[in-house]
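Presented sequentially are two complexes of subunit A, the first with subunit B as partner and the second with subunit C.
This part shows the complex of A and B:
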């Protein structure tokens, strides 16, 4: 592999992991907007709220699954159990790569909790009141 | 202690007189005690680490503490609290055991309609809500021009009232007594004076009261009261106020058919003695700034006394 090609790959990887740290919060945001939006429109239009509720619950489980996948991926990128380095405080490209995985992993945890909080009313409340 | 003395009055969410207020108080108490414990723990840890053990701690101790205390415990506690809070919501939206009360927020008073089970038309009253103890009563809420909020702290949670949109809340009072409701959403100059008496009665007493409330107004008997009724008519009060059984059929202001039997005047602004009626008629605008009702201070003292006697007699 030429040096040039190696660099390009590294840049591509870093760009991807910059995207990756937004993935968890993005799924959370989309889930939030769709849950509140669909529930509000369903109630305002008098559509079948039970169907919307079941649909949103399935969507919630899917969102949680996607966040778990992002989290797992980020965990592997951070890779602290193999490198033994939790903080990646050296400024090398490899450290930045691990650090972005670390950040994405923590954001995935927050996003997971956010989706659980948004979904709890769906689980516990029915109807439009 | 001086602050706590305000907690045992007729408008306290901590002095619960019903199932719903009790549920809210329990959550509040658990959250309060939990917050105190957390405060002590966090500050204890802070004190320990900055004053008592300033040497670096072992990773094997710190990591579980950070992950456990920083992520796992707060997440589990908050999810538990949210689930508990959500679990009491369906009760407070339950349809009730038959009686439905429609309340409309006006500036700055409450239009109240009782719809007993199967009723075809409501029993109309204002500025006072009576409820049977031991049953769930559903409230259907609406508002006239601006947003208000319906709240009887001793009986349950609050619910906003929107112009053109119905909201619902239901209350299950347990302990008979006299409580106070208050508008809980700023609705204009006299928002603070928009209150009402909420009276919880044993079921039989409530039924008897509702039957009386459904009847027409009693005719005045004394000479003063008769003069008062004549003044009520000639001053045009009936254009805004209804007194069922008379020619006063106005819908702009509160229904006065049984105003003499209410516990407050001017939506909780005053008590309901004869003097209070006189004060209200002669100083309306002072007592309730920007109220729609004009002040009748052009009437003489004797005339105001007659009118007060008439109104106080509308039991």
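This part shows the complex of A and C:
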């Protein structure tokens, strides 16, 4: 019974915002802007690019961790194992709840790949020239 | 903030039964009631006749004009392309002069992008979205009309310049110094004309986002809304973040052109690269702004022809949202050869490859739907198939070009021309034409010809490949873009001739298509209501046409209601659902909650008016006169435009309703007024200000860009803004904000006198703050160096916004005095406070940059 109540509360909570599903892409965007910005300033001002590289790689790992966390949460919200419903194509509140979890989960995957892609130049290229 | 409605008993809350029970829905409506309701609705939504037809603001009329105007500009730009191809058909041709050629390719690109592709998205969405959402109209019909008239005036002005040999000629991306130093008005026409149109685009984006979020039918939660609506929301959001950087860039560019402030002049500390960044931060997302809504049309057609729900709805949502985000991380791939650090190129190359993943996901979802469905190869599907084939090829060359070393070779050659035409024809032109064939019965209540459609398809498809496939080779063999002629013997002659022949075949295809579109169809028998047997709401439309949009607004419980809720059509037609009547003779639509679409308000929408045209015409004057440096008439126009807009808002928005709530049908009583975040106006303000804040952020980005690109910024010994005046400005503008918010709070606690006092003092504080900011930079000479110039630009930006804020405060004061704004009906002041939240932030950032940065950097 309490579980049911908690679930209802959670459904009520997410009414407030659609933005939740953009959490993963937002982490990607922040990561991307910081990587580009710091690398550009470092190269323009002649700072130590090695330091920046290492720092950014650590930041990449942190961002990936955050995305995994978002992905895990949204996987639980989608919850296809227990509901047995992978599509959530009907108009009930639960459907919408699981759907937002599903969308956020998929977006976490794409954001994860995005951060990996963005980090590749840090590993493979390194220098300013 | 969340409780304000609960402690204020004044505004009623929705009451009654929701969701409706099956018994309520099954109860028939008596015939005479139906007839009387329909009569009243018809009267309220009647389209004006005769000359007054042009005052119409209904989405079906405005959408049609918008589409036809965009089509007309497209055809003109297409003719320009034919002239370009005719000139290039043979080597050393003398058909067109070099200067004329420059104007042609500049205008071809600019018109296709700004006057066709983006406006076409807005046009189609304005036309279709209310139907798909079962709404009577968009939430702000006059705003759509205003946007359309702005587009028409601006478009005619920009494209007309080519007939006077005065068109812009520096390429559609207007790179400085070529464009800044170009003689004649060409560059100014581009900058001011297109800025004007961008404003209209942002207006349309606001309209479409609010429409999607707030005007869905009851029960249509986000997980069951049509995919088209998802795409519209994503693209609307992208417009808000993509167009403002260009507007900021245009602002700087025009200051350089008009007053010689050296933003892009390296001799005085400026940097042409800043323009490239601002342009492409707009320019690359713009490609996806064009592509996503067109592929959204495919997402509507494919389930219909496959006769089954789309496979992977969530995957397509992922792909739309993911592409929307990733597309902002690609802009530097247009600048690979500008000498940026290798590692920066690496980031953008990687992101350019990553965006292929979500883009590919949706294509695979479409293919999967077709694979598992029982496909009926209709004419729209033929065009979609062509689109997928062509777009995939464009995507593959995109993957090649995203690799910096390959791009170094192919940059500025015809390979790029081939690539971009493959993506835009496949990603935009073909799906849009598919949409025209598919939705024509919905739009005009007539069918287009199957036979002519197939002719048009094969002509355009073959012509297209004949034109652009050889261009890959022309490019790889070294032919650069934008040259008006070439010597013989380089191996380009035959390929160019083939391309030219192909271009004329495309033109023949378009001639067939346009003829099919405009030929008289009076004798055609009445069409079936749902000719494709689709499952989405727009196919509940009335045949023959009715102007009311939908007879009654249904309760929706699935993604394909016409397939899953078989009784729906009859119930809509008999007025069984919501808002079946227009008892007060007013135009109304239903406003629902953002996520779950629970009905919350009956929204009065605006009707036909001349004021929107007047506002658009004067706004046009304010943008167009400065092109010729005629500043006095421009200022007069700007003042008149503001007057028109104030009159329009005062007479028709957020009016005190005659009753606080009304019966919406099916036992539900809804309020007729909303303020704060429950109202559509508040959302519109929020979204507009998000775009405005992005433009401001682009200016601040410019300031720091100069800092990174130069060794001494601010330069040694430069004069700075007067610090105490900057401090005073921050205080004054912050006080103006605090007084506005204070007035809102006092007003809703019934302390009307105190609220009015705040609203009377706030403009003084704002004006004083803005004046202090301008005086603080008065001694600086913006022509001498980019540092004083950028400080001036920031000060002007904040001052102009403070001016708008003052007008809004006075508007609220007047509203309070004349009974338009009361403690109960206070939407205006909520919206104005929201405006000031953003402005105080911009003002404080500006003051920090002007006052503190000289000491820190």
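As a convention for this text, the second predicted complex is superposed on the first by the 114 of 129 C-alpha atoms of A that agree within 3 Å, B and C clash if a C-alpha of one lies under 4 Å from a C-alpha of the other, contacts with A are read in each partner's own complex, and residues count from 1 in each chain.
Note that a residue touches a chain if its C-beta (ideal position, glycine included) is under 8 Å from a C-beta of that chain, and two chains touch if they have at least 3 such contacts.
From a predicted model like this one, the values you see are computed outputs, not experimental measurements.
Contacts of A:100 after superposition on the shared chain: subunit C is touched, whereas subunit B is not. Using the contact criterion defined above for the overlaid structures, shared-chain residue A:113 touches subunit B and also reaches subunit C.
When both complexes are overlaid on chain A, the residue A:89 reaches subunit C alone and has no touch with subunit B. Shared-chain residue A:124: touches subunit B and subunit C both.
Of the two partner chains placed by the overlay, neither subunit B nor subunit C lies in contact with A:64.
Counting contacts by the rule stated earlier, residues 113, 117, 120-121, 124-127, 129 of subunit A appear in both its interface with subunit B and its interface with subunit C. On subunit B, the positions that touch subunit A within their shared complex are 71, 75, 78-79, 82-83, 86-87, 89-90, 93, 168. Remark: subunit A residues 109, 113, 116-117, 120-121, 124-127, 129 touch subunit B in the complex. Subunit A makes touch with subunit C in their complex at residues 14-15, 17-18, 21-22, 25-26, 28-29, 32, 35-36, 39-41, 43-45, 49, 53, 87-91, 93, 95-96, 99-100, 102-103, 106-107, 110-111, 113-114, 117-118, 120-122, 124-129.
Of all residues in subunit C, those touching subunit A in their complex are 219-224, 309, 313-315, 317-318, 321-322, 324-326, 328-329, 340-351, 353-354, 357-358, 556-559, 593-596, 708-709.
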